[in-house]
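Each in structure tokens, the structures are laid out below.
First chain A sits with chain B, and in the next complex the same chain sits with chain C.
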Partner chain A sequence: MHPFLEPIVAKFPEAVITAEQDPVRGDLWLQVKADCWRVLAKFLHDDSRLALDHITDICSADYPDDQDRFEVIYQLLSLSHGTRLRIKARVSEEESEIETISDIWRGANFLEREVYDLMGIRFIGHPDLRRILMPDDYEEGHPLRKDFPAEGRGWRSRFDFLPKLDEPVGEWSEAEVPDDQRHQFMADDRPGDKKRTTEMLLNMGPQHPSTHGVLRVVLELDGERVSKAMPDLGYLHRGVEKLAEGLTYMQVLPHTDRLDYVCAMTNNYAYVRAVEKLIGMTVPERAEYVRTIIAEVQRIVGHLFWLGTQALDIGAMTVFFWTFREREVLLDLFEKLCGARLTLNYYRIGGVDADLTPEIISTLREFFKTFPDHIREYDTLLQKNRIWLARTKGVAVISGEDAINFGLTGPVLRGSGVAYDIRKLEPYGVYDRVEWEVPLGKDGDTYDRYWVRMEEMWQSVRIIEQCLDQLPEGPILAVDAQVIPPPKPEVMRDMQSLIHHFIIFTQGFKPPKGETYCGTEVPKGELGFFLISDGSSRPYRLKIRSPSFIHMGAFDYMARGYLISDICTIFGTYDIVMGECDR
Partner chain B sequence: MDTVIRLGLTLSQIGAVMVAVLLTVALLTLLERKVLGWMQDRMGPMEVGPYGVLQPVADGLKLFFKEDIIPAGANKFMFSMAPILSLVPALIGFAVIPFGPDWTVDVGGVDFKPFVITDINIGVLYILAFASIGAYGIILGGWSSNSKYSLLGGLRSAAQLISYELNVGLSIVGVLLLSSSLSLVTITNAQAGGFWNWYFFAWGSFPQAIAFVVFIISSVAETNRTPFDLPEAESELVAGFFTEYSGMRFAFFFLAEYGNMILVSCVATVLFFGGWHAPVEILQGPESLHWLTGMFWFTFKVYGFLFLFFWIRATLPRLRYDQLMRFGWKVLLPIALGNIVLTSIFAYIFP
Partner chain C sequence: MGSMNLKEWVKTLTFYELLLGMKATLSHLLKYKPITLQYPHEKKQLPSNYRGMLALLRYDDGTEKCVGCDLCEAACPSRVIRVVSAEVPEEPAKRYSKEYYMDMTRCLFCGLCVKACPVDALGMTQEYEWAVYDKRQLHLNKQQLLAIGDRNFPVREKRLEFQHPNVAYFNVGFKEIPQKDVE
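On to the complex of A and B.
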């Protein structure tokens, strides 16, 4: 048994059913009894030998033929030990409930709601167990259950809650929100403070110029001060996880482009890494370099996009156009590389689709000659601008401890001074072969997060330049006839290749039975894919751990007490993209 | 007969000024987008006419033919009144601005000043008074729309205008002390002779440079421009107080905003930069051409200030509501007061 698991088994011998380490992939996991879960969870969080302080994800799986039908799967991470642990608990269909852990890890709040919404498992003691991605009054069941058809139930036009086109528009009512419904978006009514009965309810979104997509936040305002902020998600929910269950592993790849459509490359990367970990595949060296280079270029593109929109949210419009000017150069580069500009679909399981040509490399080097000047140009507008400092310093402060507790990742977590970067903790690609640093903030305010992202752009430049210098020759795609389609000329000539090609494209490859979690550092944080394979050519369950969704869980905590203007700043500082948040 | 001639002359003067102001507004909408475009490394409007010069015409036509929507639950009377209430004060202020030399011509026995509609002896107070009435248009527009975003925009503007009008008023006091007059014509005449006589430099007395800075900052706030555009902060309040307006009513608010911009630029020119006077006497040309060079220098200075407005908009982010208030009351107000004290002392010692 892995030494990390020993204290748990010693302390809870009857709660733990299995404690194992995946021999191939190295994942640690526990199977525990559902009714002991809460006590165990507290121990996992508090005990210094484990210190599993960061909640990465909560996921659920449905096994209709088993006695205990549902499985709730928790992904935990110990930042001090750098160890991940997966805990699984089974619940039966009749009493599909398990105790909540949302008071131990506050980030679990939204995650548990998602599990409840999509799988119908109730969490006892959860403060606000409502649907989160599906509409509040959705009555067609829980979509991720296996008996729920992938094409959905009924047609959109038959749902009662949607207005019909041929119906006359309803009468306008005198009160915008009827009094009895006024607080339905609120988790709880605070005890009656007589002076404070006149908060205004402001509905921000889903159509609003600065909510970064179709995000809706219901704000309870005391004057202009926010006393409560309730995010209402799901306007862009497309059921990618459900769709993936009906697709082969290769066919899922284009769907990942549409998650965080601003940074499609890194989404591809996160997904192919998860699949490669599942099937245990190694990637040729040149492909690793190319992947790292392109992922870092994408990080620069993502951060440029973030800088532009963050500045625009705060009212500085020029930065937006300037950053888009540089972004354009890099998008042109992507176009040369793979033919697409936004939804790129460039990474392949086992490598990448196209090689870096000398032309692309020289464009890239040319770009880096002028890029530092451009960053300095943004700095002239922002770095020392008193208004910018006043709008970002001390706004939306979150301490490192809280940030971990909420499960935040990426620049949002690093802005609070927590050195968690998957590229350092679990190096992938060639990040361990180049020199770079993880920039850290101190105060955990918007300015620090701004600074961290600006520094990350510099670091990305460093990484790419070293990678370009070291770039070896070689193939860009692994050779594995069972998994990777053979090159086209061979398919035309060679019978065996033709058969492989035919099988891969008609049936897909079949990974071994198993499950794995793989997190990748994307510009917004940790994008994780959790895959369960039942040995067939389609994923049995695919869970996407999207950073934007988890960050929205901390929104209320970070927004309280600030002004309406700061709400826009917080949207910007999270760098949320709703395609990824709602999936 | 005198009355008829006077009426005719004044009406034609008003007509000329209105046409000039409205044409300038049309030009400004194009200029602003062009200037912002150049600063932001793009072209600005290019589609309508050569280099997009007909864009204002297209915009005007679009606004004119757009459906006029009054939201359900809006107070219809107030909703219709608000744009007028904000446009009229913006235009009426031009009545006391001297655009050229202080000439008096005799037309049919009537004394007529061709370059100022009316030279009343409380010109500065008149402008300040009407500027504050403009705030009603914004507040009522925000309140009557029955929209929370509009309401918030209206309330913000109420607080903002009250705080910054005070600073505008106080920053002018220094100039009034030096010129001992409230008439804009007298103030302009007192700055003749060269740029060192302009109250911005005020050779031999206390320069009003600090007052000018306070005045410009406060006027940017008065006209709801970036970085003080909180009442219409588009990333927070969609469009602020005119979120629910469309068509001509929207155009009225738009005209009012740009009219105000031109007005404060004119006031700044007159009070601090010598009005129609050239920086040095030679550039003013012969006496008979003063009307031409005077108008030129006046327009030149006004467009300089307008460019400054655009420049600020391209450069700065927006302030937050509480920061705006703090800045107005805790920074600008003491500076303006200090300026009054110092100017008074200087004016007493060097009369």
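On to the complex of A and C.
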């Protein structure tokens, strides 16, 4: 047994059913009894030998044929030991309940709501167990259950393909919401405070320019100060996870572009990495370099976009135009590389789609000659600007411990001084072959997060320049006839390639039975894909751990006590994209 | 220390850092030319691998490339394509697509269908101005798709069997197979 698991099994011999390490992928996991889960969870969090302080993800899987139908799956991470642990607990259909852990890890609050919403598992003791992604009055069940049809019920999905727009519109009635359900956004009853007579509820969004998508926040105000903020998510929920269950592994890839549509490259990267980990595939060296370079270019693009919009949210318009000017150069580069600007679909399972041509490399080098000057330009506008300082210093402060407890990742966590970067902790690509540093903030306020991202751009430049210097020659796609389509010219000349080509495109490849979690450092934080394979060519379950969603879980905590105008700052400082948050 | 403070003071009173920012902004007037394009009067030069509107292609003798194999339909992640394939009349060994539909309202422009097509019968063009008033106009049939191909790909490929001596003789009527010279 892995030494990390020993203390758990020694302490809870009857609660732990299995404690194992995946022999191929190295994931540590425990199968535990659901009714002992809470006690165990406390121990996992508090015991210094484990110190699983970071909640990465909670998800669920449905096995309709098993006696205990549902499985709740927790992904935990110990930042001090650098170890991940997956805990699984089964609950039956009749008693689909498990105790909440949202008071141990506060980040679990939103994640448990999501599991409740999509799978229908109740969390005993959860403070606010409501639907989160689906509408509150959604009555058709829990979409991720296997007996829920994968096809929707809209006009487009009646299998007979042709859109019938000329049909008369169906009967439409306005659903009456019963009164007792209308009040879920009302404030808690709070004693004290004699001056307040009524609380003011303010609806911000879903159509508000600063929310970076369709996000609604119900603010409870005390004068102009926020005393409670309740995010209402799900306006952009498209059910990507459910959709993926009906697609082959290769077909899921273009859908990942549309999660965080500002940084499609890194989404692709996160997904292909997860699939490669599942099937145990290694990628040619040149492809690893190209992937790292492109992921870092995407990080710069993402951070430029963030800087422009954050400054715009706060009222500085010039920066927006300038960052978009530089972003445009890089988007043109993407366009040359893969033929698209936003929905890139460039990474492939086993490599990348197109090689870096000498022309693209020289454009990149050219760009990096002037880019440092541009970063300095942004700095002249912002870094010391008194308005910028007033709007960012000391706004939305979160301490390192709280940030970990909420499961925050990426620049939001590093702004609070926590050195968690997957590129360092579990290096992938060629991040371990180049020199770079993880910039850390001190105060955990908006200004520090701004500073961290600005520094990250410098580091990305460093990484890319070193990668370009080291870039080896070689293939950009692994060769594996079972998984990767053969090169096109061979398809019509070689019978075997033709057969493989047909099989891969009609059926897809079949990974071995198993499951794995793989997190990737994207500009917004940790984007993780959790895949369960039942040995068929489609994922049995695909869970997307999206950083924006988890960051929204800390929104209430970070917004309390600040002004309404600071709410825009907080959206910006998370670098939130609703396509990814709502999935 | 005291002089530091004085310096800071003067900077604060004179809005020094704001002036620096203003200076940077104004210097842009001289340093940079406008980089925006006056679309639709000016248009971008698109790269040749641009993933735009889809099209069906023909060989240089005008025959359709598509052999109705359905691979594009199977590969498409959002069920854009529907192929009805049939045997070529009078040539039982040969197949073609009798009907071919694309519902472009749901296309992701991912290019998987192009990758999947074994005979390269699909191409992605550089057309992107496909806004319409009625969604039904985006539901394209074979003739429309071939027409898009015709206007975008003036240079056509030779028939497969003439391209390479080792081509897998796939979907070729028997009498068309170039026979090897027998000594």
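FYI, the second predicted complex is superposed on the first by the 542 of 583 C-alpha atoms of A that agree within 3 Å, B and C clash if a C-alpha of one lies under 4 Å from a C-alpha of the other, contacts with A are read in each partner's own complex, and residues count from 1 in each chain.
We take it that a residue touches a chain if its C-beta (ideal position, glycine included) is under 8 Å from a C-beta of that chain, and two chains touch if they have at least 3 such contacts.
These numbers were taken from a predicted model, which means no experiment stands behind them.
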Evaluate whether chain B and chain C can sit on chain A together after superposition, giving fit or clash. fit
Thinking of the overlay built on chain A, is A:46 touched by chain B (first), by chain C (second), by both, or by neither? neither
So, does A:385 touch the first partner chain B, the second partner chain C, both, or neither? both
Between chain B (first) and chain C (second), which, if any, makes contact with A:432: first, second, both or neither? neither
Contacts for A:359 in the overlay, against chain B (first) and chain C (second): which applies, first, second, both or neither? neither
In the overlay, answer first, second, both or neither for which of chain B and chain C A:200 touches. first
Is A:491 contacted by the first partner chain B, the second partner chain C, both or neither? second
So in the superposed three-chain picture, is A:222 touching just chain B, just chain C, both, or none of them (first/second/both/neither)? neither
So in the superposed three-chain picture, is A:312 touching just chain B, just chain C, both, or none of them (first/second/both/neither)? first
Inter-chain angle, chain B to chain C through the CA centre of chain A, in degrees rounded to a multiple of 10: 80
Have a look at where A:566 lands relative to chain B and chain C in the superposition and call it first, second, both or neither. first
When the two structures are laid over each other on chain A, which of chain B and chain C touches more residues of chain A? C
Once both structures are aligned on chain A, how many angstrom separate the closest C-alpha atoms of chain B and chain C? 5
Shared contact residues on chain A for chain B and chain C? 318, 322, 325, 381, 385
Going by the contact rule at the top, pick out the chain A residues touching chain C in the complex. 156, 161-163, 165, 247, 250-255, 257-258, 318, 322, 325, 328, 335-336, 338-340, 343, 345, 354, 377, 380-381, 384-386, 485, 488, 491-495, 498, 501-502, 505-506
Touch list for chain A against partner chain B, complex: 172, 174, 200, 202-203, 208-210, 224, 311-318, 321-322, 325, 381-382, 385, 387-388, 390-391, 563-568
For chain C, which residues count as touching chain A in their complex? 12, 17-18, 20-21, 24-25, 28, 32, 35, 46-47, 49-51, 71, 74-77, 79, 82, 101, 103, 105-106, 108-112, 115-116, 118-120, 124, 134-136, 139, 160, 164, 166-168, 170
Residues of chain B that touch chain A when the two form their complex: 36, 39-42, 72-73, 148-149, 152, 156, 226-227, 229-230, 233-238, 313-323
